[in-house]
Structure formats: C-alpha cells, structure tokens
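Shared between the two complexes below is chain A, which has chain B as its partner in the first and chain C in the second.
This part shows the complex of A and B:
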C-alpha cells in the first residue's frame, strides 16, 4: 500500500498545484491518519484559496468546507494543497486553466488529461499518494488513464456534492484518485456518506476490501468502444487487458451499445445547458475580483465576465444559452434528454446480461501540449467516458499497459451502486498484471 | 447555421461580453459544433416525464450557518452589512 505516512514536498515540477498548504496538520487519527491528500480546486476548502482554475474566483477563500473535505479531516488526512484543473472543469487536457497547463509527469511535452489533471499529475509524480478529483464527463478517468494512475467516478448520488462548485449537477461526482486500486478503495470508503445538504445522495456507505476473485464475472465488451477514432494500438493493449481478465476466470461477452452514436452530442448539450445556468452566479459581487459598481448592471456584468472567464468557459455558457433559448429547446435540449434516456436503457439492457462493461478509457494516449486546439476535436475525445455520466453508473480507470511509452487506461463500468464490483475487477486486473 | 449577429445576441442573453474579433472566432466554431449536434435530430424516443423515483424530504431544522461577516468576507464592496452591486436601474 502506498498510503503509508509520508511528508509532502511542495516542489512542483509539473504545475500540478495551484496552492500548497505549508502547515498541513499530520496529527489526526483515523483511516487516513497522516496521509497527505490533494484536493481539486473546485472543491471548497475552508481558509484555503479555491479558484476552479479561473481568474473570476482569484483570491476566493471559502468560509466553509465541502462535505468530502470534512470527511477527509475527520479521518485524519493532511490536506496539502489544491490541484490545477481546466477552468470550472471544462476541458480534457488541463490546458484551459487560467494559471497555466499542468504537464504530464510521464512526458512533459504532453498533457496530463483533464479536467482533474493536477490531481493525476501530483499522484503520478509521487507528490501525494491520493487525491480528490471530479468527473462530469470523464474528468477523473481521462487524466488517470493519461498519467497511469487509478481513478473512480462513483455512482451518481453516492458521494455528496455539497461544497463542489457546480458545473453540471446532473452529471458530476467527486471521486477518489490514487496510485493503486487499494488506495482508491480506501479513499472511497471515506467519501461515501449520506449528506442532508445534497438531496441527491443515498445512504449507501462503502465498506469494502477489494476482492481479487473474478471467476464467473461476466464482462461485456461493446464493439462501439473499439470503433472509429480509437487508436488501433490503444485498442490492442486494452484487448490484451480484457484477455487477462478472461484468463483469470471472467467470461467475456461481446455486445452492442447503439446509443453511443448520440451520447457525445447529448452530453455536450446537457453539460453546456447546465453550465449556462450554474455560472450565472459569477457576477463579481460576492466573491473573486469585484466588478465596477459605478457602471450599469449589464455593462458591469458583461465586462467582468469577458475579462475573467476563459474562452472555453464563455463558449460553453453561450452554447448552453443557445440550446435552451426559445425555439431551439426542442431541437437540442429535449432531444439530448431522449438520447440520454437511450444510453440509460442500453446500460440497463446490458447489465441484465453482464456484470460489468469494459473498454478503453480514452481513444488515444495523452495528447501533445497544444495538439487539440479546435474545440470540437477536443470534445470528441470524451466519447468513451461520457456514457457513464449520462447514465450515472460507476466507472473506474486502471492502468493496462503502454503505447509509445505512454500509459493506457482500461475502463470498467458497473451497475448503479455496484462501485464495489468495478473496484474488484480493477483490483483483479491490477494484481493479475503484477503477478 | 448561426451568424455573427446571432452569436452577438446569445452573448447578450448570457451576459458574457464579446468583442468584434471574437465574433469572427466563435461563430465558425459554433457552426461546427452545432452541425455535429444535428445528429440528435435522428434520435428516437423521448425522455420520460416521470421516473420511478420519489422525492427525499427532510425536516427544515435550523442549524448554524455563516455569519454575515463570513458571508461578506470575500468582497471589499460592501456597505452597512450588505453586498454592494452595480446599479440595476
């Protein structure tokens, strides 16, 4: 287990942190006693600057802790810093941070993935054994795959979002990231708790020790996860991984997931629509740099948001505003919800035949810095991660080999509230590889 | 297809602020993305109006909250215990 007591060295060669805490308390007792844990910068930390990677929240110091941060502290974790991210979680590379990109510790010419790129890089670089990330459309799993670590997006409703600065409420979850499956499972055990301040949480605690036995587990492999846009070298490494699970006693079932064809569009219409509403609160009145109170309201508001939001954030707010605007709602938002329902129905159907679904986490290895300059091509790289968010099912990414010397992630998705099962399959795989 | 005028109108609706140069940059990007979204036109089915879920209620119990000073701590623009905002009228 990597989670032994160790001290945090703030030397940061990869711009993984936006803020480090000089005197983090290591004296706590509990499941995470003395363990340095990094927290993504969209999760509120009382007394520690929280910016969401945005200038519009520059200098903002939350007056309260997110529920997950309360839980970390209760279990004795030392919160050592806030990690870099795409502004408000909007990106797949961490290049959209207003405070400069995070570099991938495996190759500093490449991105760490996003949007929880700082958390993944901090773990991959050995700075911390564990971190919190958030996943709206793959933001835990993508950087986990690109940096060669383990990351779990929990079932929607299993972890409280209280204190998470919202981007797309119906899709996002806070989740654990670590260097190995055991540590992810330990951290998950701390994070899962019912919270009256997030009415979407369920009282489903996670009290689980990973089980290596996958004998008889039925693993569905949808052919769409190996379709157009998936690098054949990545596909080959992931198939090798799935074959290993078969040798360990699992049964492989090839299947189809036709709803994948419209999943990405459904995801982007939904998340931008929710963002356009959520981000209206950033008006320069209550937190962050202040707007000019001498100007008229709209002028002040518009100038403030033009100057302090990055381009991708403004693009998504405008796309969402358009998708919800009079005359277009039926064409975009309503259709996206129908497509989302089809994704859920596909998962329901498949989970009557199989226990988990496996495929690559990302279609390619980590991009080179600056490679994805066109917004649509960046969006398209999320195709394999968004289905789990649309359906609210748990999904984990575990390292499964290398292509061109860069890590590749194997993704395991499970039934609602069967986070334990995806952890078990990932654990069996991890232990099978190192055996 | 959206025009630069449409994008300007959306920016106005969203209170996002946009410059003339940016209109030339954002408009073709929006058209590329919206063209991709067109594949939703062929989606069959509907999203159910109701789901097999029930609301989770709790008692409205008074618990300690932020003090006015804590709530105001993140802005220098305040007056008499209130946030100060730009003129609306």
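This part shows the complex of A and C:
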C-alpha cells in the first residue's frame, strides 16, 4: 500500500513529548489524512516506545497498537509522537513524570496540568492540532483548562480501552484533545467504534456535527462547584461564561450535589485500589528493564519495583494495597463504592431536571512548578473533575476567559452517552465567545 | 456460668475425645478441573500445547502485556454452566469475576482472574455410593478461573540452578468445585471424585487424561463422632489440615490416608493439632508441613473492573444436559440386561460406557460381553495402567465375536487380549485378534482332533485310567486337565468331556 510521510519538527521547548517521530507515515484519504496526531504515552503504539512516563517501562515497545491507534491510522492520521504524562497518570501536574516535567506554553513557570499535560502542551504550543489524552479523575480536562484548549472525557464505555495501560480501569477513558470544539468532535467520531476486545464498551458510534443552538437547554449549576477552595476569580470568570450561555437561550438552574463531599475520598480509594492491582504486573519478568535474576524472586521483585517506580506511584500502590486488605476492605473499598453510588444517584437525579451540568473545570489556574509539593493539596484540586469519572458521564472542558493572564476552563457534563450534547453546549459557548 | 451461652460444657466433650473408637473423619474437597475448551478463558490462544515448545501458545493477553484486556470465552461459561446444572446447583442471577492479588513469577498480571463472593453457582449436590449406602454430598459452590503459567526448574529439583517460566498454561480455563465437609473416609472421597469425573466427562467438558487437568485441595480433620452435626462448619474442635496440590485421583486417597494416620497418632499422643496447610508429596506418598507464613496470604480480592458481571441464569435454563451416569446405569440394566454391579462399573467411566454403547446390538445384549468388559477387560487394563481409549474398538468386537462363534475358548480369549494389550502398551499398535489366534495356535480344536490327544494321554497315565475304572471320579478330572495342558486350553471343555467319557467308557472296566 502506498504510504505517505508527515514531516514533524521535533523541536520541543516544553518537554511535551517523550518520543517524536520525525517522518511519521500515514495512509489513505480518511478523515484525518496526513494530520499529525500526538498520543499520550500510556496508549500502546506498535513499534514506538510506550513508557507511561515511568522508568519501569523504559524501552518497552508494544507488539500491538491500542484499538484507538488502529482507528487513527485507519483514518489516515500520522502518529508523530508520544506525549509526556504523570507516571501512570498519577498526578495533576505532569511533574510526576520520570522524564522531567512538561512546561505550560502559556507560562513556562507553571505546570500544564495533568496527567495528560504533554498532549495539552503540544496542542497549546501549536506542535499538533490534536492529541489523545486519558482521563481517570480529570487528566484530560485539567490540562485542557490549564493550557487553554478543549478536551473531552467521553462516557465510560464509549471508547475502547484496549491498549491503554491501565491505571484505574473502572474510571478511565481515552478521549480527544484539540485547539477547538470542532476538532475535538471530529476526533471523537474516529475514536468511538465498537471493539469486542473491551468488554466494558458499548456499541455507540459518534456521528455528529456540533450544533450551535442551545435555546431551551437546561443547564444545572451545582452550588458545590463554587464552594470552598474555588478561587473567587476563577468562579467569577466561569459564572460569566455560564451567563453567556443564558444569553444564547439556555436556561440556568442552580442546584445541589451533596455527594460531592465524599466524591474525592471515594475517587482516591477506588483509583489507588485498582492501581495497586494493575501495577502488580511490573515485576521485571516479561518486559521492560530486567530485574536481578541472581536473587530470590521476591527480593528481586521488591528491588525492581522500589527502584523503578516513582514516589507518587509507590505511595498510591501502598494506599490501594491497604484499602483492599482484609479487615480494611469494608472500611475503605466497599465504602468508596457506596459513595460512588451516591454520586451516580445525584447525577441521575439532576439529569431528570437539567440537560447538562456546568461549572469550573479546575478550582484554580495552573499552579506554579513545584507549588503542589504536598500530595494532599494536589489531590484536593481534583474535586471538580472526579465526579464525572465516578459516575461515568461525559464531561468537556472548553476555554472560558483568563485569570491573571492564565486560561480558565468551563466544564460541561452530560447524561450517559450524550457526549454529543456536551459537545454542542461547548461549541455554542466557544462560538458565542468569539462572536 | 455458661448456662446462657447454650454451648455444652467442654469437659463432657473431652471425655468422648479420648476414645478413638468414637472419632470420625471429616473431609471436604476443593477440586480444580480444566475445562476442555479449544481456546483459553480470556483470549483466543489454543489450549492444546501438548506437543509444542514452551511459550508457543501465548499472545499479548495471556502474557499479561500492559494494555491488554480479558474477554470471556463463551464456551467456557457454557461448560461451567453445564457442570453447575449437573451438580444440581443454583445459578446466581448475577455473578462476577474478581481479582486474586499475589506476586509469583508464573503469574502474568500479578493477579489471577477468578470468582470470589459472587460465584457462578452455589448450593448443589452429587449423590454417590457411600460407605453406608447412597450418600448425598453437598456442593458449596462452583466457579470459573484462569490457570497461571508454569515454572520449570533446571538443574535439580532440590536446589535448582535457575528457573524458567512457560506461559502456555496461562489462561487455561479451570472450574473450581467446593464440597461441604460431608465425606467421611478416603474411600468416599475417591468415590466422589470418580463420580465427579464421570459426570464431567459425560458432559463433554473435561478430559481426565490431559496433563494437569485435575488438582485437589483436601480439608481433613478427625473429630469426636457427631461433633460436626452439633457444631457445624468452621468451629474446628481439633485442628484441621488443608492438604494442597494433589494432582491425581489415586493421590487423593493416598494423601488422606496418610493424613488420618498422622492426625490419629498425634491425638493418641495427646498432642494438640494446629490447623495447618500441608503439602502432598506424590512421589513419597506423604504430606509435609508448609511454611505457614508463606501460605497465609491476603489476596485482596476485589471485583474485576475489566469485565462486566455475568447474567447467565436464563441462558443456563436453555442448556440441555446429556444423559448422566445415573441415568445411563438405569438404561444399561434395562436395555442390555446388566447386573447393577456391572452397570455401575461400566457406566462409572464415560469412556467405558461409550465403548459399550458403540458395540453391535447383538453383542451388547449378551451377559457374557458385559462380564468380559466389566471384569476381564477393565481388570487387564488396570493391571497395565492403560485406558480403554487405548483399545481399538474394532479389534475388541472381533475378539468378542471369535469367542461367541466358538472359534476360540473364553480362556484363549483372555490370552489373546493379554497379548494384544501388551503389544499396544509397548508399540502403540497391535495385530488383529484373528492373526493373534493363528500365531498362538489357539483356534479351538473340534471333537475329531481330540481323539489322538486323548489316546496319547491315556497311554501316558495308566494309573489314572485304572483309578477311573475303579470308580475314582477325581481321575477323570485329572485326565481332562492333562489334555487341556497338552492343547493349551484351546479345546472346547464340553466337547472334551463328552469325548473323554466316551473313550474311557468304551474301554470297559
């Protein structure tokens, strides 16, 4: 088959990429023909190293493509590189990468957000028009908000996770990131395809062109999204954005989401529990750097993992191992699942009254590099993004003005499988702002 | 003091406990069987790796490469449902897979996908022939799981130089069947396993002859008689042992018998038995203590997030089971006129039952054929540690026909069978029964051929002849024996009797 080549300039001022492909091959005349697309480094790419930003996968070259990468290639996309990320997706800043932090193109003294910080920075810097990210607790939306781009976390089960190196299986989705809503929508159309290899997917293709009309759309605004910890300046900018949607004909309904109080705890117990199991396979026996085979196997496993996992990863593995231990399972994991049901119930209740829910994506603008040295304060910044992951609903972040010259994101969440609706509202907003 | 607690005072129990004749053995089994699907439980790799090198039946999924996801093999679920139904279990409306987390070099993902608190099926039973008549053994649960890989130690088993990992077995579908502690002797345990094996093979979901197809863990304790009925499960009065890793049917009986002797000796010596995990060493027929620390793992089970819950009850309602051992036993008695004992033997092994059902109708209805299979053939096979699947069906039909047509005697038939089985065992193939008869010169000699031999014998044994003439009947049998010896049993006994009597009587006193 005739293959063409997309030339890609590997100059990377923000450490957005872990690997670039100078001459990226592509084929055919599909929807993405010849378009350079960046792929987050936790998504398997055949023949291109895939490390998850971790030393423990240093040099690992997958023998297969993730399903979404197959889909990109089928539509003619050129895979131009793998983007930096917090190790295994564990972070909100991309500072937890074993290969150095990514810088925010809007202000290189600040973080790009995370964990898909490399993808967001690459788009914000104009290196690529679109990229794939993954979102476990906000990892697409947070960097989109911090870097001033658009990012969508699809409904859980809409995009195949086959080939995505798991962090927290029940929460995470691969999703599109781009400079504008139209490109996000186009990329979403490519990513949504039935894949029998992922049992948690549903056959719900996305064939949609963004619709600017929001007249009559009921937008719920939970008080909790403007509560304690949300920077008043950010809150004010986001309220302005919501008012713009009202002027465009949407109906604003203030509401409450009481389950928010336990959402963050439920999220961290769930994701660390799943992670402690998912990351058990990295023992140095089958792939990645080899471990010392002269030692007893359990000593060798311990040394290997202690040496090659970063600090935050080790912390989360230990937290998750503890939460699943007998005697603590009921107190933590089981309780977290109950809290998760409450979050779902809250969304179900609200979505009987409103069509979408809106609020800020992040409580603040991008942090300064090194600002979130205390893990707990970093965890707290995920409070507005984790509810959508716990409930599995679609959520998008779209740029919504600036605070201190840094971008702010407006988050719009929708009903299960109504990704089209959140895209429409985001599109109406984006077009309304530029009008 | 303990009036309100409702438990009997401990002292009255201990007086019973000191009398060994009042003790009984309590056994519960945990059986892992390989479901005989053509592909693995969560990927499309072939399960038939027998003649292939290590790590040749693997793919990214069963190697546990990062990013891969399991996909449930529908056939394996169907097979498991068949087992659950045949064991009279209740299929759960919604069951789920769970992760069992532990580290081991043969474990590709750092966890095994199994089922935990929501298994496929619960509360069933299997009826067996117990020590005191028919017995119902309750089944606690039936669930599915994947097998891990296999470690190959190189350079000596005691202190191997290095260890290799083979993932061909990783992802092979297993079914785990757990019984209530209803078995009371190693013999009952063996009978339960035989019945279970037969049932699984009748269902067509299991091949007992495949390597690694069976693994049994046995829980065993010795308790004062009636204790179990009073106290119930989980309240071990005396400690119990969990014997792990028994991998053959014979091994189960051996391991349990050893364990009973060990525990009885300890009780007799007044030693306190701690509940412990023990390991069965097949080659030595003993159980050894496992390091308890190593076995007491916290597996941190939680629901497998990569698979959706199974909702298969309505599907299981539609599954029609084939004829099972009990039904076939009844049919064999009715259809072929089997004795209950022969029927139990022949239908107790699916291969033997199939072998019999495939005989021509006229041979099958004969009581002689039933005896031939249930006693002679199975006995000779057992002696040689061979299986009925080693016996060519056509050859056997020919042999039985030769006997029925009086071409050879029953005794010669056994000789032919032995020769054929020896050939099969050594070379994997054998000559046709008719060729064997010719080679061994076993064709039955008719009445006309008898006379020269009889004359010869009579000439050689004048004493016996005169003894007969003087009315000693034992002499007749002696003379018959002499002829049999000379003809190596190929003469028809009835015919020989007639001709011998005629010859002797015609000589006169």
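Convention: the second predicted complex is superposed on the first by the 425 of 435 C-alpha atoms of A that agree within 3 Å, B and C clash if a C-alpha of one lies under 4 Å from a C-alpha of the other, contacts with A are read in each partner's own complex, and residues count from 1 in each chain.
In this text, a residue touches a chain if its C-beta (ideal position, glycine included) is under 8 Å from a C-beta of that chain, and two chains touch if they have at least 3 such contacts.
For clarity, every value in this text was computed on a predicted model and none was experimentally measured.
Engineer: Look at the residues of chain A and decide whether chain B or chain C touches more of them.
Structural biologist: Partner touching more chain A residues in the overlay: B.
Engineer: Touching A:318 in the superposition: chain B (first), chain C (second), both, neither?
Structural biologist: After superposition on chain A, A:318 lies in contact with chain B alone.
Engineer: Now for A:342: first (chain B), second (chain C), both, or neither, which partner does it touch?
Structural biologist: first
Engineer: Considering only touches as defined above, state whether A:236 meets chain B (first), chain C (second), both or neither.
Structural biologist: Neither: A:236 stays clear of chain B and chain C.
Engineer: Looking at the overlay, what does A:431 touch: chain B (first), chain C (second), both, or neither?
Structural biologist: Touch partners of A:431: none, neither chain B nor chain C.
Engineer: Name the contact category of A:161: first (chain B only), second (chain C only), both, or neither.
Structural biologist: second
Engineer: Can you list the residues of chain A that meet both chain B and chain C?
Structural biologist: Correct list for chain A: 60, 63-64, 196, 199, 276, 280, 283, 285-287, 293, 297-298, 301, 321, 325.
Engineer: Show me the residue ranges of chain A that touch chain B in the complex, using the header's touch definition.
Structural biologist: Answer in residue numbers: 59-61, 63-64, 196, 199, 261-262, 265-266, 268-269, 276, 280, 283, 285-288, 290-307, 309, 311, 314-315, 317-319, 321-323, 325, 331-332, 334-342, 374-376, 379.
Engineer: Show me the residue ranges of chain B that touch chain A in the complex, using the header's touch definition.
Structural biologist: The contact residues of chain B facing chain A are 2, 7, 10-11, 13-19, 22, 26, 29-30, 32-34, 36-37, 39-48, 56, 58, 66, 70-71, 73-77, 83-88.
Engineer: Using the touch definition up top, name the residues of chain A that touch chain C in the complex.
Structural biologist: Against chain C, the touching part of chain A is residues 43-44, 50, 52, 57, 60, 62-64, 66, 161-166, 168-170, 196-200, 273-274, 276-277, 279-283, 285-287, 293, 297-298, 301, 321, 324-326, 329, 333.
Engineer: Where on chain C does chain A make contact in their complex?
Structural biologist: Per the stated touch rule, the residues are 60, 63-72, 99, 101, 103-105, 108-111, 162-163, 165, 298, 300-302, 305-308.
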